[in-house]
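Submitted below is the structure of interest, expressed as structure tokens.
For reference, chains read A, B, C, D and E in written order, and residue numbers begin at 1 within each chain.
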Amino acid sequence: MDIITTNNLELWYGSFQALKGIDMKIPEHQITAFIGPSGCGKSTFLKTLNRMNDLVPGVKITGEILYHGQDIYAPEVDVTWLRKRVGMVFQKPNPFPMSIYDNIAYGPRLHGTHSKAELNDLVEQSLRGAALWDEVKDRLKKSALGLSGGQQQRMCIARALSVQPDVLLMDEPTSALDPISTMKIEELMSDLKQQYTVVIVTHNMQQAARISDRTAFFLLGEMVEFDETERMFSMPSDKRTEDYITGRFG
Amino acid sequence: DSGAPAEGSGESSPSGATQLSGKVSTNGSTSMEKVIGALSEAFMQQNGSVDVTYDPTGSGSGITAAKEGTADIGLSSRALKDEETADLEGTTVALDGIAIIVNKANGVKDLSLEQISKIATGEISNWKDVGGADAPIVMIGREAGSGTRDGFESITGTSEKCVYAQELTATGAVIAAVESNENAIGYASLSSVKDSVNMVTVDGVTPSEATVLDGTYKVQRPFVMVTKKGETLRPEVQAFIDFALDPANAEIIAGAGAVSVAK
Amino acid sequence: MNTIFFLCGMTAILSVVVITLYMVLSGLPAIREIGLADFLFGKVWKSTAKDPQFGILPFILTSLYGTGGAILLGVPVGLLTAVFLSKVAPRRVANVVRPAVELLAGIPSVVYGLIGMIVLVPAVAKTFRLANGTSLFAAILVLAIMILPSIISVSETALNAVPPEYEEASLALGATKIETIFKVSIPAARSGIAAGVVLGVGRAIGEAMAVMMVAGNVANMPELFKSVTFLTTAVSKEMSYASGLQRQALFSIALVLFLFIMVINVILGCILKKKGGDK
Amino acid sequence: MANYERDETGKIVIPPLSKGRRAYDLLIKGFLYLAALITCALLVGLIGYIFYRGLPNITWELVSTAPSALKDTIGILPNLLNTLYIILISLLIVLPLGIGAAVYLTEYATNRRLVWLIEFTTETLTGIPSIIYGLVGMLFFVQFCNLQTSILAGALTLVVMILPTIVRTTQESLKTVPESYREGALGLGATKWYMIRTIILPSSIDGIVTGCILAVGRIVGESAALLFTAGIGSIIAKNIFAAMSRSGGTLSVMLYVYAFERGEFGVAFAIAAILMILVLCINFAAKLVNRKLKNKF
Amino acid sequence: MDIITTNNLELWYGSFQALKGIDMKIPEHQITAFIGPSGCGKSTFLKTLNRMNDLVPGVKITGEILYHGQDIYAPEVDVTWLRKRVGMVFQKPNPFPMSIYDNIAYGPRLHGTHSKAELNDLVEQSLRGAALWDEVKDRLKKSALGLSGGQQQRMCIARALSVQPDVLLMDEPTSALDPISTMKIEELMSDLKQQYTVVIVTHNMQQAARISDRTAFFLLGEMVEFDETERMFSMPSDKRTEDYITGRFG
């Protein structure tokens, strides 16, 4: 089953075309990785999937993005609902300047959960889901800014989980982290795919090879190739992909 | 009409035809501003090389300035107190009526001194009690220390008992406040009152130059030039005081709205 | 050259020392003569009476209430305007409103006083059916308008400095823009906003001329619709005429005002330093 | 895992934003627009009213004559001049002082505590209200230094008041001068002062100009500090030196005097309109300089 | 002849010792290169030679630096005189924001030359000395900021020459430049050593090997080895030098 489908997606920042005719089907309960050289449009494409690009002034989008068959750019779509279902984790860990508890409870409160008990439950669940519960359960009321970088990133994942999304979009979630934290998060992602669909942008081809089920290679706003990760890295069908993964450019 | 005073001053000047020069600094009462302004303007027209300056700091500061010698002439809009006359000399150069003013829309034309004092103390608080419309009285006065307030309160016997709705720091402000409030009553230097407000007669006497001078209009106070006792003044300073006292210049003072005492 | 520049650098220190010295030296004698408690907590100010009374509680309370009132009115409007400028307004609209705010800051205080006196005071009298419109309320309105620009500009700066990552995170959780602003941006900018408020407090407590023209200047205990005297106007209204103990007492009022301001400055310094420390 | 409501084609059905949240959104948005509207309305109202009342009262006679008590006329020429004199004198004194202090802070000072102290006191000066400047100016310059109520005393008082503005803007622009300029000059054997004179100050001229403009704005609008120090004199002095030693009211002070002390509202509004025009010009000039500043780097 | 001699030079930034007992003799009319890994104290040492370190607050220096036998840290030494004699060129070209002419004339004017003719002469000489005259002679009154990076750096060298120094200190003068500009400046240095003594810091061992007569290797604030360049690169006497020049660390 494909959870997200894009048809001939094009995107302009003003007069600059950042995405060119992208057709992609993102399968449910798998990890899909986007790779490509800097500036090729990976982040841009990721952000169109939960409409975070709406915030950029001067953006123009044509084509379709279907989420469970529903066009997410249709006028009747409530973007807050969409973003609740399609969560996002950013490159740099970005905890709110509040307590760990309040960080995690932020989303649920927003969407109407106010009962103390329910919130406690959700916070614990989410933190467990992000493999952080044991490390922080005694300091939930402390500021989240006091966590280490890796912990902060896992907390951000927990925060994204707290609103019970379907899909998790992650834009280079480990590029600001040390190797050990990176490893923990990679492990976490493999766990997550049991319940969630994960889409990850990475500049690290080894990472894509290690953790993803399918990989898409972007170049200059085009999706050059999209295939099972193993096949892509062993026998890419496009010359440019091959050049890229063998390190000939980028 | 600057021709007339020019001749007069020539006669009264102690140094006769000798050219005066230098600076005369005056300092004090703000309500004397108009009188001093007119006098100094005329005086300087005649004595081109004398510079008369005026610091509107208030009567208290003026008296202090005279005492400390930081100004040649202190200006006070009240008579000197006993303890002040010990080392200061006061020369009354003019009298000033304190007009009782009401809004143009107010029908009240006359008040007795007693009514005024009752209004000031708040005993009478509605215009209907003095023959006006049924409306609250808004008493507008000056700030503590003002010569005008001192004069008004001592003559009406209301010292320390007045209840004000506004205390404003200048004559003009009082007039403006009365002008813009139908229920207001206030007091202001006669010299400054224009026809934007009504002056009431006090015990039937209309405030005017004549009635102030002959004392039938009771609410009045002196304008005093204060100098140090027993000190010979510089010729230009003496000349300026003489100029103010010269009957030939009475018109200048009258033009500024006060009443010259020169005879 | 070093010495010359050093001396220039010392002027600021010297000025503060001289100001403090003069305030304290000229303010203390009257307090000593009147008695600190009688001075600060006395409810009656009759400076020229035969048996003068120098209680400045009415002035202190008026200044506090007046400032409080101005903050109460000015902060919501100011903060919301800042939010509007920083987060909501289309750029073209913001580019019109922002210079307007700057202009508001540039209007001399006497001009505010003038309009307050001519327009506001009669309007207050009419609206609330008062015999007399000069009042604490009129002063509060004028002060609220006068502190608006500083609150807006300081708050806007603070809001603009909120890292966009916070807002992105919130939006990505399905918050609306407004929810994001009020649940994330404003809390994150709170120390800057607090600085704006404290700055406004300083401005309001220190303003003299505009207040003098609308407050009525009677030494009443503060009531919303009565003429009142602020600490600043108490000093300026009688200063010209005062002599002796009355004059000294005025300097004592100024000393009290000065201490208020110094406390506010220190608070402001602390807030700003803490904010700097966060970064 | 959520179960979706789906329509007949298999598309999921997306529920709209909950009523409560939508109402909250709308309400707050309403408040935001209201607040901005209030701010703008205030401004438009204020300025419109000032011009409406003031412009008709600006006559050639008003701006070209001195007031005469004898003829009972009012003119504000002396006050225009006084304003100019006070601006000139204060800037003349405050510029060397303020720039010197800023240069000391950024180029010379090595003692961290001293720097902190100077910056702290400078900040403190910004917070002191003008009425206090007025009082201390009266006590110190007028009485202690025996300058009398005079333009000089007023200007000196203002010097202290606007010192922080000059120091801060100069300091800001000194900090933007690249360190490499300093190294380059010193490496050639320049003394510090030569370097400052030839490289540092010329490179930060824009900031200094901005400071001046801000200071002029402050001086033009100031009343409380000048009332007790420069007074309300309205006589045209023979020259600027004669003017310095006598009382002189600036436009703002005279606005207060004409409105509050004399009830001459026509004149007051005329002055208010003139002041507003000045403020507009000052804001415009500051923008211009700022834009130039941005282009430069 | 040695133009500069240091005896047991030690330098502290606050409590951190950046230079440890350096003894060095810099020969006249030669190019001396300093190499070493980042942070080893090359720049620090260079700057002590014309007392540019005086500007850093909290610096403490012991030992001696003799310039023509005179201790430059002696109290009677006029530091502006010293810096006129011992000129400096920095890593990033730092033209003053004025015309090319005024940039070059800055130094001479500073030291009292005001005659128009003399200045013109000096400017031409210095620019010729820096091999820049032909490129800029028609635009002397134009802003120096309009020059290319390599031209700017040569202009800075001309500016240093304009005050007729003995010694030119250069701190990584080519590290911000492209290869062609670098080559030009290397050629220039070889010309300059006819008249001047040149001391150059470089992070580029090839450069040191190409252009310098003697090379000093610094490590952690110590001068490990100082020898003729050829010998140093062919048979270093210290193990650490060998490790460094063979790329085993740094």
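Methods note: a residue touches a chain if its C-beta (ideal position, glycine included) is under 8 Å from a C-beta of that chain, and two chains touch if they have at least 3 such contacts.
Just so it is clear, the structure is predicted and the values come from calculations on it, not from any experiment.
Novice: What chains do chain D and chain E have as common neighbours?
Specialist: The common neighbours do not exist; no chain touches both.
Novice: Tell me which chains count as touching both chain B and chain C.
Specialist: Looking at chain C and chain B together, the chains touching each of them are D.
Novice: How short can a path of touching chains from chain C to chain E be, counted in steps?
Specialist: 2
Novice: If chain A and chain E share one sequence, what is the angle of the rotation that overlays their CA atoms, in steps of 5 degrees?
Specialist: The superposition gives an angle of 180 degrees.
Novice: Taking every chain's C-alpha mean, which one sits closest to the mean of all protein C-alpha atoms?
Specialist: D
Novice: Just give me the whole-number Å value for how far the CA centre of chain A lies from that of chain E.
Specialist: Comparing mean C-alpha positions, chain E is 51 Å from chain A.
Novice: Report, in whole Å, the distance between the mean C-alpha point of chain A and the mean C-alpha point of chain D.
Specialist: Chain A and chain D have C-alpha centres separated by 50 Å.
Novice: Between chain C and chain D, what is the gap in Å from one C-alpha centre to the other?
Specialist: Comparing mean C-alpha positions, chain D is 17 Å from chain C.
Novice: Quick one: which residues in chain E touch 2 or more of the other chains?
Specialist: Answer for chain E, listing residues that touch two or more other chains: there are none.
Novice: Please output the residue numbers of chain C that touch at least 2 other chains, ranges allowed.
Specialist: If we look for residues of chain C contacting two or more partner chains, we find 117-118, 176, 179, 212, 236, 239.
Novice: Two or more other chains touching the same residue: where does that happen in chain D?
Specialist: As it turns out, chain D has residues touching two or more other chains at 17, 21, 191, 259-260, 265.
Novice: By the touch definition up top, name every chain pair that qualifies.
Specialist: A-C, A-D, B-C, B-D, C-D, D-E
Novice: Give the list of chain D residues in touch with chain A in this complex.
Specialist: These residues of chain D touch chain A: 1-2, 4, 6, 9-18, 20-21.
Novice: What does chain C use to touch chain A in their complex?
Specialist: 91, 163, 165-166, 168-176, 179, 183-184, 187-188
Novice: Can you list the chain D residues touching chain E in their complex?
Specialist: Where chain D meets chain E, its residues are 110, 178, 180-191, 194, 198-199, 202-203.
Novice: How about chain A: which of its residues touch chain D in the complex?
Specialist: 67-70, 76-78, 80-82, 85, 112, 164, 166, 195
Novice: Residue numbers of chain D touching chain B in their complex, please.
Specialist: 67-70, 72, 143, 146, 148-149, 231-233, 242, 246-247, 259-265
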